[in-house]
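In the part that follows, the structures are each spelled out as structure tokens.
Each of the next two complexes has subunit A plus one more chain, namely subunit B in the first and subunit C in the second.
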Partner chain A sequence: MSGLAKTLCGLDWSGWLGAGIVGLILLAAIFAPLIAPYDPLGLDIEDRLAAPDMKHWLGTDQGGRDVLSRILFGARASLSVGIGAVLIGALIGVSAGVFAAYKGGLGEQIVMRVVDGVASIPLLVWAIAIVGILGVGPLPVGSLLLPNEVKIVVLVGCLFSPVFARVTYAVAKRIAGADYVRARFLQGASHWQIVIGDVLPNCLSPIIVQGTLLVAIGIVIEASISFVGLGVQPPQPSWGTMLSDARSAIYSGEWWLPAFPGLAISLTVIGFNLLGDAVRDLFDPRSDARTLVA
Partner chain B sequence: MLRLVAGRIVSSIGTLLFVGLALFALTRSGPGSPARIVLGADATAEQIVQFEQAHGLDRPFLSQYAAWLGDVVRGDFGKSFVTGRNVATDIVSALPVTLSIVLFAFAIALVCGVGIGVLAALRPGGAFDRVSRFAAVLGLSIPAFWLGIVLIRFLAVDLRLLPPGGYFPLSAGLSLHLQSILMPSLSLAVYYIAVLARMTQASLQETLRGDYVRTARAMGLSSRQVVFYALVNALPPVINLAALSFGYMFGWALIIEQVFNIPGLSRALLNAISQRDFLLLQGIVFLFTAIFVFANLGADLINRVLDPRQRAAA
Partner chain C sequence: MTGPILSLRGVSKSFPQGGMLDRLLGRDGRLVALDAVSLDVMRGDVVGIVGESGSGKSTLAGLAVGLVRPTTGDVLLDGQPMAELMRDHAGPWRRRVQMVFQDSSSALNPRKSVARCLGETLALRGVPKAQCESEIAELLTLVGLGPEIGPRLPHELSGGQRQRIGLARALAMKPEVLIADEPVSALDVSLQAQVINLLSRLTRELGLTLLFISHDLALVRTLCSRIVVMRKGLIVEQGPCLDVLDRPQHPYTQALIAAVPKGLAGRRTPLPVRAADAAAIPETREDIHGAA
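Let's look at the complex of A and B:
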């Protein structure tokens, strides 16, 4: 943990700006029920399409619902999908990368070929198509009904995993072959001790960097899938569905309907990108060339 | 060299077959069998068996996949159970629309992205470098479909410069065609301009620090020549990224087409989803995946030609 604390102290101003934005939006998402001025689902026919004023800071939508409250609750969907997908992707990818690098042989070949296969899947097309096939209804697991977002989280997580598998594999391969690791093995350290004590800590910094940048991509993907109606289902608020509902307002002039959800997405994504870039500059200034794209 | 190229091509095709199998399995994992969807809930068991026999759905999974693949190679994506039309016909009628938007966006992204990246790399820390870095973070963060909405508001509704949506094919005249795809392509391109500019800038700046660049300068080569040689060496990662970008653009084009109400593959795919038209959906997604895989293969091959070391290694 001391390494992480040291890192945070070394952030430049853009990194702090990113960290600040991410922190604020995380707080907004967590405490949405406490700070939202209105019920995000509460219809109010009297107050339809009200422009931003002191009563409704960001105005109201076609159903008279408060836009600010819906944006605050929408942050929950965006962040949980973005962060959840990255956690799942990291779990799968890091396990696969460490396994392949440490195990070697046929297992390594098979795992890395599968990673190549998953990496050659165009993310958004598949996400839209697979969610479309499975249907947007809630997913019954035992007695629980999981919302549609769970499908998106797992799917996007799987499609993110090659990024983690490849960075972990590259580092783990180097570490696993190093003399000091062989010495540790001769001292009687078990495979597990070496993986957890030597290999994983060395992979941590690229994983954090890629993870932060991938959250940004995950958030845009959630918004896009919700925008075409296959993500968060109405009336639950999500930035993507809010933008989709706001399409008619482009012509009729209620500018606040498309403006604020779009700004919310952009601001959040800027935050994660600034933070990810700054952390990468700290950990490994020369790795600028490894740009992520989706 | 030839063997290496052939090996790379075979491995790309292998990847595509493997991923295609996953797609084939996933399209069949949704709720309801094709027979139930087409025949309705009150079809008898006998009718369902008949339907499955008629469409080869009772055969083993792998043999169904092999048969489908064999047809796809010959340009036959099967006949939709739902609409009765040939899937290939539906795809061929919508593909040019999506393709023209993606190609135009790709051209914009390539020219602007590489251009901005080169200019920024020439004077590291200079005003242009700093402004472009800042702009790149913005470009990376604005979702394409929101940018589309903003462009419609300002360029179409307020300024009345461009049509707010719809599509005119090239046959309706070049001017109309370009007007109808300019905003969609621009919204699609902005993210990739940022991505490619960052990569070009980073890669070229790294290359310009090389010893051979100093030697070339000392030998008295003009700075234009030096930058040209450095750029050739800086290009491989940019080409790889451009290929990835091209493949991913088709996905975002699906969303953009919705914003601009354009009758491309997006409409076909969403119709396929809502009507549970497995074959159409499978065909479109397989096509996009093939484009993605072969774009990356193309980038690899171009890089092999560009880099004499890779040629010699073969």
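Let's look at the complex of A and C:
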């Protein structure tokens, strides 16, 4: 994809900062087993509630587990929910948006009104309500048992889909009315060929921007769900559960317990937002026009 | 054998107006874009269709090319009704009638190179891959461009070049009828002349039937053999181009011609019809037919 490479070259400094943060956290999540100094689940009663020092850079928690190792492994939960949910949401939402924009008529009305309905209730309310109803155990779907994490990814993905549907719909509606789509139709191209070959490629930029920004929201949602105990289940590390466990430590002085997972969440969210904003600026038609004229 | 290649038989087209709520409440009105129009286009004719904005020119183009289905009436290609020829989506109508669009920047997919755009069109006509390259070069030569333009993207082309690619794409289907909807109104005057000359040459060389939709009487005079004057969804006058332009019978045609400043016959400066003139023009269908 030469387009993507060109895009990355046009990033400004804040975009590069965002890309750097996101890249580092991605690497940390992927290579967590290699770089984590301790076992994230390993209890060490001797060393419990140790302040950050040379042995435990970010200190230890009530069970003597190394906070740095838990944050590194927790990145896996956060990123997989954030990115997985965005991929699922994009798949559903983009299909729905393109369908509504291209088909028009009654189908368009039905799809977009359903989208409005889902979008009218705040994401987090939906997420907590549905997980609360389904419970935190594995969900049987046919002969398959869906673990809670997968359930959350799918759920947040479904909740993201209206956002993707709206963004895609807005752009696809314009493109579906463009003369080059009419021309393809006049040549006898099938609807499928037109949608895949002409409509979708021209909708991609806003979808990518939206996806980048939604990863950040997905991470916050995962942390929130885990914080209230409906997400990643202990002892598995997640930034949300770590924060939840650290509540009692806020008053007793073990500042490193809430501070570092909180910092990890903030940093990741800032990283994805910076990246998303920079990519949006790049795809902006005005900045596009500037590069086209040159 | 000598029947019209394209004919409209009492074709009307109206569009629903108002939103879904209006429709539910029964407050829907319909905008009549074309009102029982009949028109025969003979093979090889170059027909200019003129009229003010909203007169139904573009709806007529959409009908002829099969983008718009008539509300009532029939559109026939070589004597066969549209409904029959279009039963299959990729039916014969699609290959035999093609269109050149007004806005060259919207007529080409911004992400497809010229070669890909033409290649995909040829593939839809069933041209084998091996022949595509030579056919693309041929098409480019036909519209007066070199093969070096093949790898370029639309934004790397000038407006005139884009319009030629749009024309080449239409010709790639080897159509019998070409519909050009204001193909030069977005181009500057020197480019207009080039594209008009190109159209004129191609219709002669390829034996194309051309429907040229324009509001520019000077261009129609130079290019077309016949002229159709439209107003408010009706054909008010039609006939051989020079006859109509030199001896207009209908008051609206007279007003259109009078609106072009004297001495500027070759320039693209259609002025709006003056209020006094407009008042004298019959408004209703009965008036128009009574006057004609």
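Heads up, the rule we're going with is that the second predicted complex is superposed on the first by the 277 of 294 C-alpha atoms of A that agree within 3 Å, B and C clash if a C-alpha of one lies under 4 Å from a C-alpha of the other, contacts with A are read in each partner's own complex, and residues count from 1 in each chain.
Throughout what follows, a contact is a pair of C-beta atoms (placed from the backbone, for glycine too) under 8 Å apart; a residue touches a chain by one contact, two chains touch by 3 or more.
Here the structure is a predicted model, which is why all the values come from computation and not from measurement.
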{"item": "Superposition on subunit A - do subunit B and subunit C clash or fit", "value": "fit"}
{"item": "Partner chain in contact with A:G117 - subunit B first, subunit C second, else both or neither", "value": "first"}
{"item": "Partner chain in contact with A:W255 - subunit B first, subunit C second, else both or neither", "value": "first"}
{"item": "Superposed model, angle subtended at subunit A by subunit C and subunit B (C-alpha, nearest 10 degrees)", "value": "90"}
{"item": "Touching partner for A:L134 - first (subunit B), second (subunit C), both, neither", "value": "first"}
{"item": "Partner, of subunit C and subunit B, that touches more residues belonging to subunit A", "value": "B"}
{"item": "First (subunit B), second (subunit C), both or neither touched by A:W13", "value": "neither"}
{"item": "Partner chain in contact with A:N202 - subunit B first, subunit C second, else both or neither", "value": "second"}
{"item": "Touched partner set for A:D179, first subunit B, second subunit C, both or neither", "value": "second"}
{"item": "Touching partner for A:W192 - first (subunit B), second (subunit C), both, neither", "value": "neither"}
{"item": "Overlay on chain A, subunit C to subunit B nearest C-alpha distance, Å", "value": "7"}
{"item": "Subunit A residues contacted in one complex by subunit B, in the other by subunit C", "value": "none"}
{"item": "Residue ranges of subunit B touching subunit A (in the complex, touch as defined)", "value": "15-16, 18-19, 22-23, 26-27, 29-31, 137-138, 140-143, 145-146, 149-150, 152-153, 157, 164, 192, 195, 198-199, 202-203, 206, 237, 241, 244-245, 247-248, 250-252, 254-255, 258-259, 269-270, 272-273, 276, 278, 281, 284-285, 288-289, 291-293, 296"}
{"item": "Subunit A residues within the subunit B interface of the complex", "value": "116-118, 120-126, 128-130, 132-135, 216, 220, 223-224, 227-228, 230, 243, 246-247, 250-251, 255, 258, 262, 265-266, 269-270, 273-274, 277, 286, 288-289, 291, 293-294"}
{"item": "Of subunit C, residues touching subunit A in the complex", "value": "20, 65-67, 89-91, 94-95, 97-99, 101-103, 106-111, 120-121, 124-125, 155, 166, 169-170, 173"}
{"item": "Subunit C-touching residues of subunit A, taken from the complex the two chains share", "value": "109, 178-180, 182-190, 197-198, 201-202, 292"}
